[in-house]
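Listed after this line are the structures, all set down as C-alpha cells.
Two complexes are shown next, each including subunit A; its partner changes from subunit B in the first to subunit C in the second.
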Partner chain A sequence: MTRYLSLYFTRIGFSVATALLGAVFALPLIWFIFAPFNPRAELGLAVPDPFSLANFETVFQNAFALRGLWNSLIQSVGGVILVGAGATLASYALSRSPIRGKNVITYILLLFSSVVSGSAAMVPIFLIVNGMGLIDTHIAVILVFAGGLLPTAMFILRDFIDGIPKSYEESAMVAGASPVQAFFDVALPVIRPGVVVVVVWAFVNIWGSFLIPFILLRSSEKMPASVAIYSFYSEAGTPIVTLLAAYSLLYSLPVIVLYLFVSWKFGFRFFGGIKA
Partner chain B sequence: MRQFSLLSRTAGAAFLAPAGVLIGAFVIAPFFWVIYVSFTNRTLLGRTALNPEFVGLGNYFSLFDAASFFTRGEFGFSLILTVQFVLFSALAGQAVLGMLLAWMLQSVPKSLKRLTEMVVIAAWILPEVVIAFAWFAFLDYDDGTLNMIMEALGLPRGDWLLSFPFWVIVVFNTWRGTAFSMMLFNSAFSSIPPSYFQAADVAGATSWQKFRDIGLPLIRGHVVTDLILITMWTFNVFTPFLLTAGGPSFRTEILSIYTYRVAFRDFEFGKGAAVGVIIMLINLVFALFYLWVTRRRAARVAA
Partner chain C sequence: MASVSFDSVTKKFGDFTAVSDLGIEIGDGEFVCLLGPSGCGKTTTLRMIAGLETPTSGRVRIGDRDVTFMHPKDRKISMVFQDYALYPHMNLADNIAYPLKVRGESQEKRHARAREVADVLKIGQLLERMPSQISGGQQQRTSLARALVYPSDVYLFDEPLSNLDAKLRLEARGFLNHLQRDMGMTAVYVTHDQAEAMALATRIAVMDAGIVVQYAPPLEVYRRPATTFVANFVGNPPMNLLPVEAMIADGALHLRAGGLAVVPLKVTRAAAKALEAGRSLTLGVRPEHLAVASGGEENTIEGELFANENMGPEALVTLEREDTARFTARIFTDEMVALEGRVRLGFAADHIHLFDGEGLRLPLDGEEG
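Up next, the complex of A and B:
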C-alpha cells in the first residue's frame, strides 16, 4: 500500500515540477503571443483589448518589411532547390553506383561540413564570394547555403535510399528502361518522402538564418526578413514594437507550419534528429 | 560474372558532380583558404586588400601575445569566456535540464507532457532573430516581463543586459537549446523496456534509485552523443550576438562574435582567419571524438 502511495506522490510531485518548469520556459514567449495582436503594444506584457489585426495591416503597408519576407523566400527556395536536386542525385550515385570509397567520401564530407562552421568559415566564405564578384547578390547566399547543407542532406538521403531494395530499378531495366529512366521514373517516386524531409530541413535552416546573409549582403533591398528584423530593433532608437511583433510572427509562421507538418507526418521524434 | 550495378561509373560521377562542385567551392575550398589567409595580413580595404603579404605565424603570435592575452576584447579572454559559456549553458544547463525534463516527462499525464514539450520545443525551433527580439522585450528595464515578475515578488528590478550580460546569454542559450537534449533523452528513456522499471517498483525503489541504477546506465551512450553535439553547437553559436552584440565592453564576446568583430568590424581578415583556424581545429577534435565514439559503439553492436 505505501508503495503505491509513494508512486502516486512521485507522480504528483513530478507533475507539479514539470508544470512549473514548463511555465518558466514559456515566460519569455508570453509577451510575443499577445503583442502582435495589440495595436498599442509596448515592451510590457499586456492582454490586447480588443484583439486586433491592425499591426498586420501596418506590416503589409511597409514595403521594406514585405521585401524582407520576399527575399527570405527567394533565398530559401533557391537554396532548397539546389540542396534537394544536388543531394538526390549525389546520394543516389553513392548508393547505387560502383564508385570506390563511397563510405569514406560520405564521412569525409560530413566531417568537413561539421568542422567548417559559420563562425570558423565566415572569413574565407566572404573572401570566396568576394573573389567571385557575388557580394550583395541572392545567388551568393543561395550557393553558400547549398554547399554547407549538402553533406548532411546527402547523408540523410543516402541512408534512406540504401533502405530501398534495388529490385525496383532492376526490374525496370530488365523491361528495357535505361539507367536514367530507371532513376527518374522508378526510383525518384519511391525516394520522394526522403527528399521531402531534406527539403523541409534545408528550408527551415535557410529561412531562419542570420549570419550568412548578414555578412554577404549590403543593400537593404536584398536583406532577408531575419536581417530586417535585427536592423529594426538594433539600429532604430526605439523600435516600432507593434510592427516588429506582427512582422516577427509572420516571419515565424512558415517554420511553425512546417514543424507541425513534419510532426504530423513523421512523428515528433523524427524532427529531433534533423534540425541543424 | 561481372558485377551488375544500376549506375555506370560515369553516370555515377555525373550524378555526383553538382553536389561535388558546390561542396568543393563553399566547404572544402574555405577550409584550405582560411588556413592560407591566416598566414597573411589581408585586410578589407587599402594596400593589403589586393596584395596581402605573407606574415608567417604573425597573426597567431599576436593572438597568443602573453602581454594582452587575458585582456578584455582579446583572444584569450574570449576563449576562456567561450569555455565558461559551454560549461554553464550547454553541459550544466541544457544537458542537466534536458535530462531532468525527460525523466519527469516519463511519469506525468499525457496532456501535461505534450504541453511542456510544445513550449520547450518552441524555444528551439523559432528563428533566432525572433527569439532574440522576444528576449529583448522580456528583459526590458521599464516594462519587461521579468522585471514585472520581480516587482510582483517584491524583489528589485534589474537592468539585466547591463549588470549580468554573461549570465543572461548563459540562461538564454540554456533556454534556447534544452529541447534537443530533452528529446534525445526522452526517446532514449522510452526505448528501455518498461518491465525493468516495473520490477524496480515492485522492489520499492524510489524514482532517484530507478534513475541512478536503471535509467542513466542504460542511456549512457546517448548521454555521450548529446554532450559532444551540444558542446560543438554551443561552441560555434552566433545567436548571443543578436541579444548583446558582444557587449557591454566585450563581456559577452564569445569566439564566434570575436571572429566577426575582428574580421568585419576591424577588417583584419588575416587575424580573423587565424581565429577561424583555431576554431576549426577545436571542432575537428570534437568531430573526430564523436566519430570514434559512434564507430566504437557500432562495432560493439555488430560484435
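Up next, the complex of A and C:
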C-alpha cells in the first residue's frame, strides 16, 4: 500500500516539476503573443488592456522595416529554390550513381560547408563577392547562403534517398521510362517529403540570418528583416519594446505559415509503398 | 514474344563473381524458372535480361537483338519486382497504366486498358485506391497487372509470390500457370521454391554459386538430377544421399555401407570410369520411392526410428543410422504407420541414383549417356 502511495506522490511531484519547467519556457511565448497588441507593453508580462493594433500601425509606417520583410522573402525564396533544386538533384545523383568515392565527396562537402557558412570564412567570402562585383546585391546573399546550406542539405537528403528502394525507378525504366521520366514521375514524388524538410530547414535558416546580409549588403533598401529590426532600437541602443514586439510577430509569421502550409499540404511524413 | 539467349555471360561485383559463364537459351514461348538458394545469382541473371545490370563479359540477346548494353526502356520487357515497387503516390489505375503513360497514350485509353487488365486480375473495384490501402495479395496482382498492361517480348518475374502467405501463393501460382497457357508468353521466373519451379516451368535452370548446374524440363530435373546439389535442392523432402563404397566384382557393381543392402548393379561405362578415380560414390533415393519393408534383405536400408510425422495423406518416416546419417521415407497412407525401434526401408532398383566423388550423376543401366 505504502509503495503505491509513494509511487503516487512521485508521479505528482514529477508532473508538477515538468509543469513548472513548461511554464518557464512558455512565458516568453506568451509575452510574444500579448505584447504586440499592448500599446504600453514592457518587458514584463501583461495582458493587453485595452487590446489594440496601435503598435502595428506605427510599424506599418516604417517603410524601411516593411521593405526588410520583403527583402527577407526575396533572399529566402531565392536561396530555398537554389538549395532545394541543387540538393535534390545532387543527392539523387550521389545516392544512385555507381561512382566510387561518393561517400568521401559527401563528407568533404559537409566539412567544407561548416567552414564556408561559419563566421571564420566571412573575410574570404566578402573578398570573393567583392571581386565578383556583387556586393550589395540580393544575388550575393542568395549565393552565399546556397553555398553554405547546400552540403548539409545534400547530406540530409542523400540519407533519405538512400533509404528509398531503387526498384521504384527501375520498374519505371523497365516499363519504358527514360531516366529523366523515371526521376520526375516516380523518384521525385517519393522523395518529396525529404525535399520538403530540407526546404523548410533552409528557409528558416536564411530567414533568421543576420551576419551574412549585414556584411554583404550596403544600401538600406536591400536589408532583410533580421537587419531592419534594428530600426526599432533607439539611438542609445535600447529597444522600443512595443514596436519591436509587433515587428517580431510579423517577422515570425512567414515561418509559422510555412510550417502550417507544409504540414497541411504534404505532412512531415513518408508514405511507404513497398511491402516489407 | 521472343527468345532470350545468354552467350557466356559473366557478372562480377568487384572481385566477387555473381554469375559465371552463363550460356542458356530460352526459347520463344518458354517459361523458364531460375531456381537456386539465396545468393546464387538468380536476380543478377534476371536483371541482366532487364538491363538493370550490365554483364562484365559476354552477350545477352532478346530475339535477334543484341541487348547487352541497351537501356531497359528499349528492351520491350515487363518485370514484376519482388517488393512490387508500386508507386506510392499514384492510385492503382495510374500505377497499372504508367507504362502506357510513358508510351504517350491518352488518359482515357490507358485507363480503359488498365481497367480491362485489372478486371481479369480481379482488382477492378480497387482502381481508385492507393497502394498502401490494399492487401499484399492485391499489391501482388497490381504489379502483375502493370507488367501485363502492354505487350512485351519477355516477361520477367523476381520471386513475385514470396511475400504472400501459403494459400494466396498457391492461388497466384495457379493463375500464373493459367496465364502462361493462355498467352504463351516468354517468361523468366526467379524463385528459390522448388515446388513453384516444378509447377510453372517448361524448363528449370538450377543455379549454384553463379553457375547453372542443370538446365532441363522439370521432370528431367526431378528424375535425373545432374548433381547431388540438384538432387538435394529439388524435391520435398530432399533426396536421401548416402556415401557408399563401390567396387566391381564378378562383372557387377557392388555398393556397400553399414545397414545397406543393394542388389549388384550393371556396370556402366561411366561407373567404371568413376571407380578409377576413387571408390567412394554417393547413393541417392527419393523419399517417395521408399517404403517400409516387411522382410527381405535386398534393396533395403536399416536404422533406428528417428521420427514418424503424419501429414494427412502421407507420413514422413525417418530413420537414423549408426553414423547419424538419416533417411526419410514419404509413405502415402491414410493411417498412421505404427513403427518402433529398428526400421527397415526398401526401395526399387530402378529408382536409385548414383553420383561420383565430385557429386556428378552417373548414368545407370537403361539411361542414355
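We adopt the following convention: the second predicted complex is superposed on the first by the 227 of 276 C-alpha atoms of A that agree within 3 Å, B and C clash if a C-alpha of one lies under 4 Å from a C-alpha of the other, contacts with A are read in each partner's own complex, and residues count from 1 in each chain.
In the analysis below, a contact is a pair of C-beta atoms (placed from the backbone, for glycine too) under 8 Å apart; a residue touches a chain by one contact, two chains touch by 3 or more.
Computed from a prediction, not measured in an experiment: that's the story for all the values here.
Peer 1: Between subunit B and subunit C, whom does A:97 touch in the aligned arrangement: first, second, both, or neither?
Peer 2: Touch partner of A:97: subunit B, not subunit C.
Peer 1: With both complexes superposed on chain A, which partner does A:167 reach: first (subunit B), second (subunit C), both or neither?
Peer 2: second
Peer 1: In the three-chain superposition, say which chain, subunit B or subunit C, touches more residues of subunit A.
Peer 2: More residues of subunit A are touched by B.
Peer 1: Between subunit B (first) and subunit C (second), which, if any, makes contact with A:176: first, second, both or neither?
Peer 2: second
Peer 1: Just subunit B (first), just subunit C (second), both, or neither: which does A:230 touch?
Peer 2: Touch status of A:230: first partner only.
Peer 1: Taking the superposition as given, does A:248 touch the first partner, subunit B, the second, subunit C, both, or neither?
Peer 2: After superposition on chain A, A:248 lies in contact with subunit B alone.
Peer 1: Touch test for A:85: subunit B only (first), subunit C only (second), both, or neither?
Peer 2: After superposition on chain A, A:85 lies in contact with subunit B alone.
Peer 1: Between subunit B (first) and subunit C (second), which does A:186 come into contact with in this model arrangement: first, second, both, or neither?
Peer 2: After superposing on A, A:186 lies in contact with subunit C but is clear of subunit B.
Peer 1: Pick out the shared contact residues on subunit A: the ones touching subunit B in one complex and subunit C in the other.
Peer 2: 170, 173, 272, 275
Peer 1: Which residues of subunit A touch subunit C in their complex?
Peer 2: For this pair, the touching residues of subunit A are 165, 167-168, 170-178, 181, 185-186, 189-190, 192, 271-275.
Peer 1: Provide the residue numbers of subunit B that touch subunit A in the complex, in ascending order.
Peer 2: Those residues of subunit B that touch subunit A are 3-9, 11-13, 15-16, 18-20, 22-23, 25-31, 33-34, 37, 42, 97, 100-101, 104-105, 107-109, 112-113, 115-117, 119-130, 132-138, 140, 142-146, 148-149, 175, 178-180, 183-184, 186-187, 201-202, 204, 206-207, 232-233, 236-239, 242, 245, 255-256, 259-260, 263-264, 269, 272-273, 276-277, 279-280, 283-284, 287-288, 291.
Peer 1: Could you list, by residue number, the parts of subunit C that touch subunit A in their complex?
Peer 2: 50-52, 71-73, 75, 77-79, 81-89, 98-99, 101-103, 130-132, 136, 139, 143, 146, 150, 156, 163
Peer 1: In their shared complex, at which residues does subunit A touch subunit B?
Peer 2: So the residues of subunit A touching subunit B come out as 3, 6-7, 10-11, 14-15, 17-19, 21-22, 25-32, 35, 42-45, 82, 85-87, 89-90, 92-94, 96-99, 107, 109, 111-128, 143-144, 146-148, 150-151, 154, 166, 169-170, 173, 179-180, 182-183, 204, 207-208, 210-211, 215, 225-227, 229-230, 233-234, 241, 244, 248, 251-252, 255-256, 259, 268-269, 272, 275-276.
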